[in-house]
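Consider the two complexes below, in which chain A is the common component and chain B and chain C are the respective partners.
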Partner chain A sequence: MLRLPKFELRSPRTLSEAIQLLEEAGPAAMVIAGGTDLVPNMKHELATPELLVSLAHIEELRGVRREPEGALAIGAMTSLAEVAASELVQRFAPALAQACSLVAGPQLRAMGTLGGNVLLDTRCQWFNQSYFWRQALGFCMKKDGSVCHVVQGGKNCVAAASNDTAPALMTLGARLELEGPEGSRTTAIDDFWVADGIVNKKLGASEILTRIVVPPTPRGHRGAYGKLRDRGSIDFPLLGVAVRLDVDETERVAHADVVVTALAAQPKRVAKVGDTLRGQTLGSPEFESAVLAVAELARKQCRPLPNIPGDADYRREMVPVYVKRTLFAAARGDGPVHHV
Partner chain B sequence: MTVFSFHINGDRVEVAAPDHWTLLEVLRYRLGLTGTKQGCDKGDCGACTVLVDGRPWLACLTLAKSVEGREITTIEGLMPAHRKSGGAGADPLQDAFDRCGALQCGFCQPGMILSARALLARNPRPTRVEIRHALSGNLCRCTGYTQIFEAVESAVAQACGTTTAARAWEAQRERACEREDTP
Partner chain C sequence: MSARDLHGPGAPWGAATPGSKSNTDFKVVGRALRKLDGLSKATGAALYADDLQLPGMLHAKTLRSPHPHARVLRVDASRALALPGVLAVITGASMPIKYGVIPWTPDENALAVDKVRFIGDPVAAVAALDEDTANAALKLIEVEYQVLHAYLDPFEALVRHDPPIHEDRKEGNISKNVRLEFGAVDEALAGADVVVEDDYEFHGTTHAAIEPHCALASCSADGVLTLWSSTQITHYVHRALAKVLELPPHKIRVVQLNLGGAFGGKSDPFSLEFCVAKLALVTGRPVKMLWTREEVFYAHRGRHPMHLHYKSGATRDGKLTGVDAKILIDGGSYSSFGLVTTYYSGQLLTGPYHFPTYRFDSSRVFTNKPPCGPKRGHGSVQPRFAFEVQLDQLAERLALDPIEIRRRNFQGDFTRTVNGQRVTSNGFLQCLDAVERASGWKQRRGKLGRGRGLGVAGSMYISGTNYPVYPNEMPQAGIQLKLDRSGLVTVFTGGNDIGQGSNSMVAYVVAEELGLKLEQIRVVAADTDLCPVDLGAYSSRVTFMVGNAAIDACRKLRAQLVAAVAQKWACDERRVRLIDGLAIDIEDAARSMTSVEVFQLAESKFDTLGATGSYNTPKLGGDYRGGTIGASPAYSFTAHVVECEVDVETGRVSVVRAWIAHDCGRALNPMIVAGQMEGSAYMGLAEALLEHHQLNRFGLHSGPSLLDYRLPTSVDTPELHALIVESIDPEGPYGAKEAGEGPLHPSIPALSNAIHDALGIRLKHLPFTPGKVLAALRQEQALRPARPHAALDEGSR
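Moving on to the complex of A and B:
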């Protein structure tokens, strides 16, 4: 039985009220959305806020809308199940719909939100454990201790970014809209991450993520998500691969992108993907060789660390396999790539 | 300590509990509704599944206060709801699980049955794949799942007045008999 430490829960009805509550309480306060990441972490005493500010009753934070210029604006409190089932998302941002459909299991997708997924804490097998367990190990740098059990003598925490939607949103060039005591700001999701497993995102104090905006995708846009995990029904990714292929009217690749996650503290964009695939016609032998070349690029550039469960060498061998399969799936207008 | 007002299994109840209690703790330790099981207590197993406004929800990760005013159904509520709507006996899914031997220790059953109940409410004739998908957040360490899926199919067949295909072990038994018959 895992008891939660004591805290006070407040459920404001408006965004400004929520920001005010957060500002007044300072670092003692945290936001709670679906709670599917935060509640287990609190039960493990990885986070011990005195005040929780729930966003559940702020209506303006929910829903998927298509803006007049074609962008998709998704409220941070929209559930993963809703995003996965949204026809708009399936049509204009298929990699995102597929990634949402593969997060955890059905109950957690109904409870968990897209905003909470973007802001998911990094994960590590030496960190996501009970207080008793961590204490027996002498703790670690990310919480309560000073050493790293993954990289001996390491100065940085390398806990893994494990949110399935982050790589998909990166291939889609998504923007995050945030609201805080100083007003609102927008940031490209690519610029939101830092290579530090302790806190891998640039979320300001008392700031709330309000919307995730996916810019319009061209007519020939294809996207897919591939996920390797132990149990196909529920687990976090051992590897996540989001791909994008934009093709012209003759099915020639005009733009391509591959982002891999569950390696280290931030998702990794594979370099030289666009140059390798651009100009190739889907289904041609040249396209197939280019896909194999991209898979090899990914194998060279992605080095999974022994931070999350799953053998690191196995995860590395699976990088080119999942990159290849996910690119072929996107080319067919198919996906997700998943073992069950 | 705050007094919350809940809608549980069609009843309105008032409960005093602190903010940091989960719905699971309130159900089991304040209301005595121990049908909802406490397994992993951290979102992995689905044993604590209840329905919140008709959707399967994990009670162990839900702050009790956050579901004030919402419609909560636990396993204890299925039979009364079935009878209220004119039925006799237990909920047809409970009957089907019994009939098909879809349990061994029984710990996963309340969650399984509630996930299946929610599925049938939105999709009265699910395929085997849809059943597997809907129950994928409920772990069973005993049965191997086959008889659980067959139980859901059996409840569907009963509701539609049709019969289900022979169950896995029945087909196996038939094959074994055939082998014995061949000289």
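Moving on to the complex of A and C:
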């Protein structure tokens, strides 16, 4: 068995205590939520924290709540299983419930948290390996080395954003609430990412993600999530597609959005989706043509790299298929799109 | 000495007619009884090698090569030795004697002596007070390598051998070549009405047993070295340790505890066993090593990748005239069982169909990859895949039903194959009937709509062979029984229970023979100090050979027990029946005795009670070099029908259900047999669709973890229907044959054939990934642009 390197674990009861601990320890400290991503990464010596600050005992970070104006406020420490099973989330943010229901497998969803999934480190077949393995090929630029094995001669890390929940939250226009030594701040999740596989998010030092807020969705909101993976459980996405369709009383599309993930360092919004689908009536031939046109837009705009395991050409071929299927699923009010 | 002459397939009291298929005579055999170790494994009480802790025990770790092929110029362990808590570091120089599970091809060192031959090849081992210290010490060992050209492509290794992977080989990088011809193949093919010739490819897969390898060694004050190891071949490990450590074998004891699966992945002597033994000798303290999952992937010994070229001819009515095979086998860096693999790749194909003529030319080459070896269905799963797909291609050309072409070529029972193997019982036709009926083949095949299909395949496999890996005249399986005055029978067997239930099987046999309750039997297994030799759990030999040895031992004791009772009751021995913990008089219901009383009576009469029993195969095999390899005392037969569904837009293949009919001779425990059948089909289908033991361009395993090596989960597993066929073999224990490996074979070609039924595409290159399915669909459309699709599109969404 791979050994888990030694570390100190602290479990504060309050957020301010947690921030203080992080600040005192500086870069040697990391936050641990469910640990389902961090612990394997520590065994692979990808992260070597001396101090882990657990958020498990901070009660205010848990739970799904509907705010008076209709927004959903989800504590970052709410388990993925709980978000997936939440009637509020299923009703007002179906794409998010579906995405949570397809993260890893049942045991991991019971431990893993929504905040942890939003903050999931990027993944790459040349990175998520043991120390021995990485050492055998001279490491890579994301950790301990300087080269990229995905794009030979490449200057930028292209490890893939692999969090299923991020694209769903982007279609929902979610805001992230963060708490740090300088106080609290709120950011649109769209603005949280950077195109760098080494660190693909703007998370400040000693900052903690506390809540994920999904603004009120209109009555005609539909959403779905589609996930391509080899097995029916456990695996990270080879491709993730979140869609949103807001329709008016006559079932005409008022707003549409498609965000695709597991391609590059950050989730990618497919451009011109709203313009293509707006005004079409669900179920009409024009709507179906517009869906196919969106699928084609996605195909043209997405070029997966061989960063994660599997055949990159096949992943690209599946982009339009999953975009199409997920849009149709949302239009029907069902989903997720998943092979089992 | 050979038990096979002493009894038939019937019950011990001889009431059953030989060849009887009725189970009613048996009290234990044929019943779905619980496994002896079921409860302890389910509750977590069962002890595995890593559960053992000894006072003063040290932990050992292995330093491995980061290069696929390099000369080791210098190993400097001084900094590691200086680390507090490190007690010893050993290198190849500590154990320079080479070993290999096949004594003719010893080419492995416990630690690299002069060269490393794959990424992960062991170079040095450290013993320290704890695992973290041992790991830290590994990073302090300096190794200077001279990097050599790495062979990652078997076709390159076949023609180039400068530098060679093994310097002392005469034939460059060729590990083994076998070329055998039976009959005039070229003439037979020339005279055939139809000939199909094609290429097939089997990717590599690995066992992925849930328990990683672990070994613990300890030396006693009087110089006895004990090794507890997760092995399926205690006897061969015993021999290899004696050789490499240069110790007399009687100073070594090898013990196997509960095993968390093996599937052939624990049937070589492994580096860690030598390392812990040597480190225990050096430090004088117990030493344990537990491999990481990653290390298990490097140690591998999994299914060989094979490039297979087949040419088969048939007459107009579908009878085979000849089969010609040329196979390139990618062996990886060491021989392991490779000599046998190379023979098996050709020798095990000659049933259940009659081959009038047959030729194969198999070459195993060394490459700088983790060594391949035996995985469930050793050497024969790959050729079976190719041939059974080719047989479907022949049926298609001849417009014959795929089941019908298989029936027409059935070789029959009590016959001899073209390569000289003796076939006894053969239930293959019943297997075909069973899957045909259960799957609704006649009504459903070809009528399920585009994207859904049924496919069939057949196979045969050995129940052990008469080839012990080292030549000797001694029994292949031995059993010792000890009867206690308490009514307990202790059975000592060298057989390795790897989860397949062989200890339970032995207990069932003894309970049946001596008329005992299962709770009166204790099995002590796989301990070289206590148990008579059995060669190990490989080649599907244990039920057949150990089962027969157990019957042999029991019959001797049974005679004594019955004689003692008959004398006491002053009646004819034939009236005494031992059953369910009692001796009863079958003519006088009022008269009975408990087994405790029986044992005590017999002990008073005959002295201390015990017996040994053994099994050895009869003389078998063709009269030519290698003719005994694959010569089995009995062959099992299998047929599968697989039903698949293909999403034509994503290319994803899903197996909806599979029907597995297997002729196991007699099911000693039908629940365990069905478990083996389902597990085999699960494993085969996983290899077809998901699993891939793959190296990247550096020669590094592309994902040595259970996240990246995709074993199917429960939601990926289809409905599996086990249909047991019992042909009652005249030489098997109560007529039993193997059930652990044979049932894997047809699953892979049956799936390929089902995909053809679903979509008209032939998948000949494993694994059947969605990308390959889409490519085949595109190719098929491009080749037949004029083909009317109206009928086909009906079923599509």
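Keep in mind that, in the parts below, the second predicted complex is superposed on the first by the 340 of 340 C-alpha atoms of A that agree within 3 Å, B and C clash if a C-alpha of one lies under 4 Å from a C-alpha of the other, contacts with A are read in each partner's own complex, and residues count from 1 in each chain.
Rule of thumb we're sticking to: a residue touches a chain if its C-beta (ideal position, glycine included) is under 8 Å from a C-beta of that chain, and two chains touch if they have at least 3 such contacts.
Values in this document were obtained by computation on a predicted structure and should not be read as measured data.
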item	value
A:309 touches, of chain B and chain C: first, second, both or neither?	second
Chain B versus chain C as contact partner of A:132, first or second or both or neither	second
Touching partner for A:13 - first (chain B), second (chain C), both, neither	neither
Partner chain in contact with A:230 - chain B first, chain C second, else both or neither	second
Partner chain in contact with A:339 - chain B first, chain C second, else both or neither	second
Partner chain(s) touched by A:219 [first = chain B, second = chain C, both, neither]	neither
Chain B versus chain C as contact partner of A:2, first or second or both or neither	both
Which superposed partner A:54 touches (first chain B, second chain C, both, neither)	first
Which superposed partner A:105 touches (first chain B, second chain C, both, neither)	both
Residues of chain A contacting chain B in one complex and chain C in the other	1-3, 5-6, 105, 232-234
Complex contact set, residues of chain A against chain C	1-3, 5-6, 105, 125, 128-130, 132-133, 135-137, 228, 230-235, 309, 311, 313-314, 317-318, 321, 339-340
Complex interface listing, chain B residues touching chain A	18-22, 38, 41-44, 46, 49, 55-58, 61-63, 65-66, 115, 133-134, 136-139
Interface residues, chain A side, partner chain B - complex	1-9, 11, 32, 35-36, 39-40, 43-44, 52, 54, 56, 104-108, 110-111, 232-234
Complex contacts: residues of chain C adjacent to chain A	64, 66-67, 119, 131-132, 135, 212, 290, 292-294, 647, 649-652, 654, 690, 698, 700-705, 707-708, 710, 712-713, 715-716, 769-771, 774
